[in-house]
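Input: one structure, supplied below.
Order of writing sets the labels: A, B and C. Residues in every chain begin at 1.
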């Protein structure tokens, strides 16, 4: 099975190398790609894309998967008729999420996936199930930073290629010193050591990091979000589950499981989500 | 050249002086170490809680060992791939047909010049775009392909230079007993060239193993990625990276030792001189 | 290849400073090469020296550094040297990371320079050392005046290969917060996945243009400098 797939892929790479001209057509859209055979959540299994490396949201802990995204996904899948052992978790790195949905290689994505108009052109969204905002993580005893404006001349850490740090430089404090690291774990290491003053990304991701036992009491989320990121459930464009997912999210918020999942996963940091926006009201499916 | 001809066996006075210098150097090194440890201690990096997880079996069974397994899997596939690629293109470069020689040469020179990391990033996104591979398999495939193309090109060069270094008599004798040139290449020259190049091939294996660590950048769950994931979930990133580095060192040293033993054993099976490793190619990540 | 594709591709060059990124890699390589040559030569001398502890130290250094993935070394330079020990190599924030990356590249490749020089030393016939000793030279004069000059000439080809590896490995500096080609290529691919092949070929050919002449130069240099025996 694997060998066949490998052979298929090798052929495909050859095609990629030779077919320079075909690269012109936009990778999006054309759903009729004959290669898109894998996937399919009909009956047996459901494939859900999550992050594997974000403690508190989507984290692979050995063979277990933990985090707020995971809990919401498990709940929603349950309402759709899938037991937890019918869920196959798939790593969905930020840059790959649209492709994976278009491929039909995952059935849905819960991976800190912001609903944007640009993404709506190629994939569908249910939810939002959470409204996050870009925020700052600082040392627990640091009161000098209360928002992005205070970063002038300070050292800021974010992951390589992330747009959130660039936004701070462009819109709030041009004199910010930017350290780019492969992951947020590295950033927190530098923050705890005191060589960077702040780490930036969505508040709930920061709260997840701050909730780790090892970081408790050492770092805190500033709690002054300066953007609005509606986390949606990524779905293929031509899905028939959007409304069901939405009612599952509503049910989860209603019966208190949503709040419990939030408290369990990121509560230890003392982080309170922006309650004028949370819990969110789901948007109607397109 | 043996080291011993460069100097006399030290006499008593030199030995005393050496002892003094050693003690002084030892003090300096120890001083730096103490300074670093004090600073690290002040930052809390030496706290037992940072290190204790690494003696817990779960850290190994849930993170490091599965990661190591993925490292070995990618390295193993890449070694097989590189061997095939190297043999095909190495013999291509020695072919009688000028076109084949030219094509093989261009392919080999191209892939030897492109950084492995760039290839991995490209294949990672490119293969995903083609939509023929299960997403969980994309990182593995990108890692294996990139390592195969680069190291395969290095192997091709090793095959070529190994054949060039054989005594001419080997080919002449093969032709005299009625083999065609291609047969001589395949049956007589290349096998001997490979044995002669074993030490160089061995150091290239270490390169492959180490380069799998670049896969962490494209979410391939190998040892470094597992260590990073563990470190970010437990707030001990530096310790996790250090342990990962140690595991890499132990495995690479074992691999090198094994390959050296093997090379010493089969050395007499070739007419070529088993050239000391061409550190030449040995230096990639 | 249709016009639109080419146009889109060319427009990418207006948005992204590809040449600037290559220039960063070239600078990384140049500084790291000099530093690696110095450290590597010291290591090589240590490994042929009369002092057992120096030989041991040299061997240990090479074993440890050679077998550690470069990514880990670079991250250690940033998170360890700078992050924990507070070692700053420049008052300018970004320059500091550039220099830390140079340091990481240099200490890693120094191990390979040492190996290359040792293989160069192996090309020097024993008679040379014996003759040097016979006319009364001690270890240091013999090494400096007789052995090392010949070793360097014999080691040009392997040293050239280390240099080529260094050029390509400078892409790993992205792990140390240095904006260079691999990071830029990743950004460009994420921004314009439709022209991925053209983007990759641009960078790949850039490296071919840098690497192949270095390879040719060192090969011809090694032939010219080889000690006729």
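Basically, a contact is a pair of C-beta atoms (placed from the backbone, for glycine too) under 8 Å apart; a residue touches a chain by one contact, two chains touch by 3 or more.
Everything numeric in this text was worked out from a predicted model, so none of it was measured.
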What topology does the chain touch graph have (line, ring, star, complete, other)?
-> complete
Pick the pair with more C-beta contacts: A-B or A-C?
-> A-B
Computed distance of Cα centres, subunit C from subunit B, in Å = 16
Geometric centre distance via CA averages, subunit C-subunit A, whole Å | 37
Got the subunit C residues that touch at least 2 other chains?
-> 75, 79, 84, 86, 174-175, 186, 190, 193, 196-197
For subunit A, which residues are shared contacts with two or more other chains?
-> 16, 27, 95, 182, 186, 189, 193
Would you please write down the residue numbers of subunit B that are in contact with two or more other chains?
-> 43, 125-126, 129, 216-217, 237-238
In their shared complex, at which residues does subunit B touch subunit C?
-> 1-3, 5-7, 10, 14, 18, 21-22, 25, 36, 39-40, 43, 45, 109-110, 112-119, 121-122, 125-126, 129, 206, 210-211, 213-214, 216-217, 224, 237-238, 241, 244-245, 248-249, 252-253, 256, 276-285
Would you pull the subunit B residues touching subunit A in the complex into a rising list?
-> 43-44, 49-50, 58, 61-63, 66, 123, 125-138, 141, 145, 216-217, 219, 221, 228-229, 231-238
Across the complex, what residues on subunit C touch subunit A?
-> 1-2, 4-5, 75, 78-79, 82-84, 86, 93-94, 97, 174-175, 177, 179, 183, 186-187, 190, 193-198
Within the complex, which stretch of subunit A touches subunit B?
-> 2, 5-6, 8-10, 12-13, 15-16, 27, 33, 35-36, 38, 49, 52-53, 55, 59-63, 90-93, 95-96, 99-100, 102-103, 105-106, 182-186, 188-189, 192-194, 209, 212-215
So in the complex, which bits of subunit A are touching subunit C?
-> 16-17, 20-21, 23-27, 95, 155, 160-161, 177-182, 186, 189-190, 193, 195
